[in-house]
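Since the structure comes first, as C-alpha cells, the remarks are kept for the end.
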C-alpha cells in the first residue's frame, strides 16, 4: 500500500522518537534507583543503630528467696517489699558468685547489675509467691556499662583510666560469661520502662502514653472544629471579600513554622490562662492549633468533591440546605476528611519544637495518668536522650526513632487504606 | 399477529387505523353485493344505497388524516411504516370501488327510466360473481395480512378479464346483428365498471403483498393482451 | 372540548436573568393539570432554566434573578412567605443524569417521606416505599434487593428509582429535565410508557431535546427559542400543522 505523506514523515522520525523515549525511561529508572539507594542507606543505618536497642543483656543469678527478709510484713504489699532486703539479697548473691573480698572488689561487683534490680526482684516475688523460701534462678538486667562491654563499646585494650569499667569488673563479667550466666534478649525496659538516668532502665512507655494523650486531646479539639469550619465555609458562608480573606489566612497558617504555635501556646495558654506547663492538655491544644489548617483544607477539598447532582437530588425531594448538607454531603465527604485528619495527626505526632516551647521537657518518671498530669511525648524523649553520653542511650534513641517511624508509617498507611476502602463511586 | 409496542398508545393508533380501513372495506363490499344481487331484478330498489357512498368518502379522508398524524407523532419504521404508508392508497382504491358501485346503480336507474329490459344484465352474473369473490378475498387477505392469498387475488384478475371479454363480445355481436339499443350500451358500461372493480382489487392485493414482503409484486400484472 | 381542563401552573410575564444576561424573556403559559406537557427547542434556548423556575431550583444558583409571577394551584410560589422546602415536595424533579443517593434502594425512596414526616411508623414507611416503587414500575425488580445499593442498578433502573423517590413524597407536579438523554432506547421507551401511567395521577412537564419523544408522550407542546416562547398548543397540531414558521423550521429539522 502506498504511503501517505504523513506516514513518510512519521516513519522517518520514528527512530529518533524511540531513542528519546528510551533515554527518558532510563533517566527515570536511574533517578528512582538513586532514591531507592539513599532510602536503603538511611533505613540500614537506622536499623543497624536501632535494632540493638531493642535488646539487652541479662544475667541470671541464683537467689535465696527468704520470705521474712524480703517481705517483712508478710503481705507482699509495696510498702513491705520496700522495707524488705531485696537489694541486700541480690548483693549477697553477686558477692558470693564473684568471690569478691576486698573493698574495691566488692564495690566493683555491686555495680555490675542494674540499679533497678531490687524492683525487679520484688516484681518477681509478687508474680511467683509460691516460690518463696526456695532458691530460684532470677534474671536481672546488667548495668548499662556492663551491657556496653558485651556489646563491644568498652574495650579491654583501652587504658583503664579512660574506661568506665575497671579491670576487676571486666574480670567478673568475663567469669559470668564463661559460666553461662549472661544472656541476650529482648529488652523489656524499652517498652515498659520510663524515663530514667540509668540507661539500661530507660524506656518509652511514659513518652508513648504522653504522646497518646496529647494526640487524643489534639484530635478531640481539632477534628470537630476543623470539620465544622470546613462545612460552614464551603456550604453556608456567603461568598464575599471577608470569606475570601479567611480562606487566604487559613492557607497561610498551614505553612507557618510549628515553633510559632509553641510560642503562641506559651503566651496564651500558659501565661494568660495560667495553665500548667508540660501537661498533655496544653500540648494537645497547641498541636490542635497547628493541625487545624490542614484539617480544614483537606475537608474543604473533600466537600468540594461531592458532585452537585447529589445535592440536586436531595433538594429536589424537598430537603432543606441543612438536611442536604448533613445527610448527604458530609457523610460522603467523611472519608476524605478522615484521611486529611490522619495525615495531620501523623504530622503532629512527630512535632517537637512547639512542645519544647511549652515546656514538655520535664524529666518525668511517672507515667501520666490523665491529660492534666505532667508528661512528655516521644519525639521530645528522643531529643532528650540524644543529649546523654552513655552508649546505650545512643542505641535506645535509635530504637525509639524506629518505633516513632513505625507509628508514622502505620498512620499514613492507614490513611491510604482508609481512603481506598471508603472511596465511593457516585 | 405482530409483537406489541412498548408504547401501548402506538398500538392503539394502529388499531384505530385498521378499524377504519376494515369499516371502509366492509361498506364497499356490502354496497357491491347489494348492487350485484339486485342488478337484474327490477323489483329491487337500489337508489337509496347511493347515499352510503358519502360515508365511504368520509372514511377515506379520516384515514388520510390519521395516517399523517401517526407519521408525525410515532415516526414509524419497518413493518409499521409499510402498514401506515399503504393505508391512504388502499383507502383511495376502496373509494374508487365504492364509486363504481354507485355508477352501476346510476346506470341501472337510467335503464329503468328508459324502460330497458334488465334481463340483459343477467348475462353479467358470471363476472359479478368473480368480482365479488375477488373483493371478499382481497379484504380477507388485508385483514389477516396474508400475502399468499393476496397473490392469488392478483393472479385471479386475469380470469375476470377473460370473462369480461367474453361477455363483451357476446353483447357486441348482438348489437351488430340486431341493432344497438340503449340497453346493450348500458350493459357494456356496467360490465366495464365491474371489470374495473376487479382491477382495483388487484391494486389492493399489491399493497397487501408490499406490507408483508416489503417489495412490490414484480412480475407484470397479468392482463389479457387483446383489447376488447 | 378541552376548555374544561384545569390548569395547575400559571406563569405570567416570567423573565429570568443570570446577572445581566436575560436568559428567559417574558413568558406567559398555563400548564394543564394531570397531563403531560413537553418543552422543546434547540440547545441553550432556556427550556431547562424555565423548568427550574417552577420548583425554584434556580434559587441555588448565585446571581440568578427572576421577574414575573408563577402561580401553582393558585399560590404565588415566589411570595416571600413561601417556604421552598415543602414547595419542592409538592413539585418533584427528575434530572438528566440519574442521581440516586449512594444509599440502599429502600433508603433512597424512604428519605423524602422520612424528612417530611409522612410516615408515623416503620410499617407505614414500608408501605410508602412499596407503593412508590410500584408506581415507578420498579417493584418487581427491586423487592428482593431493597437493601442493596441504589447505584448498583442499571441506568434505566436508576432513573426509575429517582422517579420512585420523587413520587414517594406525593407531589402534584413532576418536572423532568431530559430524563432519558442518558439512557438507551429500550430504557427510554419504558420510561415513556411509565410517564403515560403517571399522568393519571400527576401533572408532568418534560423538557426534551428529542422532538420525537415530545411527539410520542405529550398532550401539549411548547416550543422555545432563544429564551422566548414561540408556540404552545396541542401536540398533534404542533407536529402536523404548526402555526409559526419558526416552529415549523425547527420541527422539520431546518434549524439546529
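Order of writing sets the labels: A, B and C. Residues in every chain begin at 1.
Definition applied: a residue touches a chain if its C-beta (ideal position, glycine included) is under 8 Å from a C-beta of that chain, and two chains touch if they have at least 3 such contacts.
All of these numbers come straight from a predicted model, not from anything done at the bench.
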Steps needed, at minimum, to go from subunit A to subunit B via contacts: 2
Pair exhibiting more inter-chain C-beta contacts, A-C or B-C: A-C
Chain nearest the overall Cα centroid: C
Computed distance of Cα centres, subunit B from subunit A, in Å: 102
Centroid distance [mean C-alpha coordinates] between subunit C and subunit A, Å: 59
Centroid distance [mean C-alpha coordinates] between subunit C and subunit B, Å: 51
Per-residue overlap in subunit C, given as positions that touch at least 2 other chains: none
Partner subunit C, residues of subunit A touching it in the complex: 239, 309-320, 323, 327-328, 332, 424-426
Contact set on subunit C toward subunit B in their complex: 186, 189-190, 192-193, 196, 212, 215-216, 235-236, 239-240
Footprint of subunit C on subunit B - complex, ascending: 6-10, 68-69, 72-75
Contact set on subunit C toward subunit A in their complex: 55, 57, 60, 62, 85-89, 92-95, 97, 99-102, 111-112, 115-116, 151, 162, 165-166, 169
